[in-house]
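Each of the next two complexes has chain A plus one other chain: chain B in the first, chain C in the second.
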Partner chain A sequence: MTRLADLSIDALTALLAGRGLSLDFGDARARIRSEVAALAPAIQRAYGEFAHDADAAFHDVAVRLRRRGGAERLGGARVELESDADIPFAPFPAGIHLPLLEWGLNYLLAQRLNHRLLVHAGVVELDGRAIVMPALPGTGKSTLTAALVTRGARLLSDEFGIVDLEDARLHPLVRPVSLKNASIDVMSAFASDATFVPRFPGTRKGTVAYLAPDARSYRERRVPAVPGLVLFPRYEPGAQIRVETLSKARAFAKLAVNSFNYEILGPDGFDAVGRLLQASEVYRLSYGSLADAIDAIGELVSRLERHA
Partner chain B sequence: MQRFRLRGSGALKLFTFDDEVAAFNPVTWETHLLDASAADVLEALARAPATPESLAPLLSRSRAAEGADAAQLTRALLDQLEAAGLIEAEPVDATR
Partner chain C sequence: MTLRMPSKEALPPYVRGLVEVLADPGRSVDLDLATWDGVVRVARSSQLLGTLAARMDAAGLMARCPAPVRNHLRAATMEARFLRHMALLEIELVARALAPRGVPFVLLKGAGYVAADLPMAAGRMLRDVDLLVPRHRLAEVESTLFDAGWRTDERLDAYDQRYYRAWSHQLPPMRRADAPLEVDVHHAILPVTGRIRPDSEALMRDAIPTGRGWKVLDPADRVVHAAVHLFQDSNCTDRLRDVVDIDALCRDLAAREAGFWARLVQRAELHGAMRPVGYAIEFARGWFGTPVGDEFDAAWRRARGRWASGWVIRRAQRSLPPTDFEQGRDRDQLRAARWMFLRSMWLRMPPWLLAYHAAMKVWRGTIARSQRPPGAGNR
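The block that comes next holds the complex of A and B.
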């Protein structure tokens, strides 16, 4: 199948305006339609390694981006996201189309994947083991996720730790990594050869940019990863690297609170968190430099028992 | 003598991590973090209803019980587990 990066903008625009672009993220599929012309080049850059799945018969999520209002309206043209007649957010300024799409997909996917435990976390795979980094304030989990991916880790997700209810393996949901504000410059300097989607200033989260998933992460989007580390990172400017063991019971509480559907799943969610922690080492990692953090994580992974 | 039992008919779910335990309440679907003594008491009650006196020896492995009044500590622990909705006192049978 043709990579989106190799499609013409006209062809991609026609696809978005017509029957829709079908994207396979691994554990879920989405159909995207859009009448916002500027979305096509942004999608092409953010999802360049992906292919349009013309044969997909089923989509977990279907969204449409529509133009609202016009230049005469106060604040200028707007764009809104609609899914199954639901409009989850107030319209955004027209230039913030890709962030609207990404946040809309996050919102919708978080509600529709209840056959697995969904933890709000960044997840990568390194040397065959999953590293789950829950999204607690101040963690810099997206920056660290992006940094690990640009140093050879496989991206599973920047947003969702998708835990199998049977064996606690982590399932990929490969999508662009969202970077905000200062972390955009940090990552651009850290990995100048990676593909970044140009910045979207003035969003509700400030300036946003995206790191596009690499070819291997997309290719292995159906390959789950065996649990390895549950890592609670904390970015502290200027801090020396520090690794501390964290009680698994405390980690249990943090994961449960940080889950989208723990309460919905009840006993199944409890078992999934418990199995994930039984199969993982749990650490708190304080770091002031991405390079140091990556070295420390590599060292922690190398100490894990090889999984049979 | 008053006996205590687990609440609900659902199976008790526990994950033990070193000296701490995560427990799932099958009635309320709440998760509780407990120390090892509390988990021992729950596991004992999962086997059969029991009196505070018969449960008291389980607290001996807890540091808190060293030199303290075991009966008082047991009662306090049972009160906490009852307040958390994990256990309940058996109804008193007036015919006995």
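The block that comes next holds the complex of A and C.
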């Protein structure tokens, strides 16, 4: 199938305006439609390695971006996301189309995947083992996720740790990694050859940019990863790298609190967190430089393999 | 006299698939993935995905579902299980708060189905807990619940508050901090300004205790409530779930109680609600094949109007189904929905009051627009 990167903008625009672009993220499929022409080139960069699946009959989420005319006097033209007659957010300024799409998908998927435990976390796979980095404030999980991916780790998700309720394996939901404000410059300097989608200034989260998933992460989107590390990173400017063990009891509480649906799953959520932690080593990682953090994580993973 | 009755065949294809699988889960084995896509979307937006999952599960058909569909059904089952726990917790806390005062209360709708452990409660997506209390104790209930931690939405202004208290049949919805379900305290099952006034005292008096110790409506009153809620108190637009409820209530009760249909006639007449109950039963029968007792049909044939009933049924057939997400509503559906909206206003309050509220709505809309700062409202 043709990569979106090799499709003409006209063809992509026609897909978005017509029956919709069908994208497979791995653990979920989306159908995306848009009346906003500027979305096509943004999607082409953010999802360049993905292919449109014309034969997909079932989608877990269907969204449409619609123009809300300039008649909305203040603030000019706007764009709105609709899914099955539901409009989850007030309209965004017209230029913030890709962030609206990404946040809309996050919002909808977070409600619909209750057959799995959903931890708010970045997840990558390194040497066959999943590294789950819960999204606590100040962790820089998206930056660290992006950095690991540009150094060869497989991207599962920068937002959802999707834990299988049966065997605690991590399911991929491969989508662009969202970078905010200062981390955009950090990452552009760190990985100058990676594909970034240009900045969207003035969103509700400040300036946002996206790192496009690489070909391998997309190709292996259906391959779950065996638990390996549950890592609580902490970014401290200028700090030396420091790795500390963390008790699994403490980690349990942190994971449960950082889950989108721990409460909803009840006993199944309890079991899933337990299984994930049983199968993982748990560390706290303080870092001042991304390169040091990546080396330290590689070291932790290689030790895992000796034990396994 | 013949009326054109509601029919499943006249439903749009995207709704018909869901209706057929709900009525007979066995038909799901013939569905292709593209049809499932529509069925799951309509079921979710109609708050019926958990019900669909429960019926598929009860029929032992989960394993035969395509994997992506099964995932959504299992997800809905999880959510419904959680909401059921939360509803039971909320009811327990309400009961504890009201017990020292000796205020009687009766659980309505979904909370009642769950409290009574009815089979139809399986998979239900509960969003609120509805209670009926005696009108003369309403203020006492409100202050008691307030003291126990329930609050009304602080965004309600003085007009909203007055609307609820003077013209509606319930207090403004109340919620404990972070509780996922609201508590709606009613003193009647229809607005006090409306054309039909069900007998609230009879509803309270004849309520029956459940195994959990709380009270729920008499079985026939449950059907009356579901029916008047749909045909007197709503605009009859996108209300598939109410029809599903009425079918499930009638099937369950008719199977368990020999005199159910006669009792339903008696209660419907007592509440002056024979027509809305008749419409509701016709839609359940037309769409889901609900078996209806002869006693009921005879009474309904006497009660229904020659012209008016046909008018309502023809329009509700078009307005009750959910909107097609791909096409939107077609012209016939839009026109029917507009008529049913006007009808609901007409039934809910006398014209002078309607004119007053319509004027308030326009006026308040103007103020809201003039006060909205640029770019406001992003979540």
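Criterion: the second predicted complex is superposed on the first by the 302 of 308 C-alpha atoms of A that agree within 3 Å, B and C clash if a C-alpha of one lies under 4 Å from a C-alpha of the other, contacts with A are read in each partner's own complex, and residues count from 1 in each chain.
The rule is short, and it goes like this: contacts are C-beta pairs under 8 Å (C-beta built on N, C-alpha and C of every residue); 3 or more make two chains touch, one makes a residue touch a chain.
On a predicted model such as this, the values are computed, not experimentally measured, just so you know.
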{"item": "Superposition on chain A - do chain B and chain C clash or fit", "value": "fit"}
{"item": "Contacts of A:93 with chain B and chain C, given as first, second, both or neither", "value": "second"}
{"item": "Touched partner set for A:18, first chain B, second chain C, both or neither", "value": "neither"}
{"item": "Which of chain B and chain C A:247 touches, first, second, both or neither", "value": "first"}
{"item": "Which of chain B and chain C A:266 touches, first, second, both or neither", "value": "both"}
{"item": "Which superposed partner A:277 touches (first chain B, second chain C, both, neither)", "value": "first"}
{"item": "Partner contacting more residues of chain A (chain B vs chain C)", "value": "C"}
{"item": "Partner chain in contact with A:58 - chain B first, chain C second, else both or neither", "value": "second"}
{"item": "First (chain B), second (chain C), both or neither touched by A:256", "value": "first"}
{"item": "Chain B versus chain C as contact partner of A:238, first or second or both or neither", "value": "neither"}
{"item": "CA minimum distance (chain B, chain C), superposed complexes, angstrom", "value": "8"}
{"item": "Interface residues of chain A shared between complexes with chain B and chain C", "value": "263, 266"}
{"item": "Chain B-facing residues of chain A, complex", "value": "247-250, 252-253, 256, 263, 266-267, 270-271, 273-274, 277-278"}
{"item": "Residues of chain A that touch chain C when the two form their complex", "value": "29, 57-60, 62, 74-75, 84-86, 88-90, 92-93, 112-115, 204, 261, 263-266, 268"}
{"item": "Complex contact set, residues of chain B against chain A", "value": "10, 13, 15, 17-18, 20-22, 24, 26, 29, 31, 33"}
{"item": "List of chain C residues in touch with chain A within their complex", "value": "32-34, 36-37, 40-41, 44-45, 66, 68-69, 71-72, 74-76, 78-79, 81-82, 85, 322-323, 325, 374-379"}
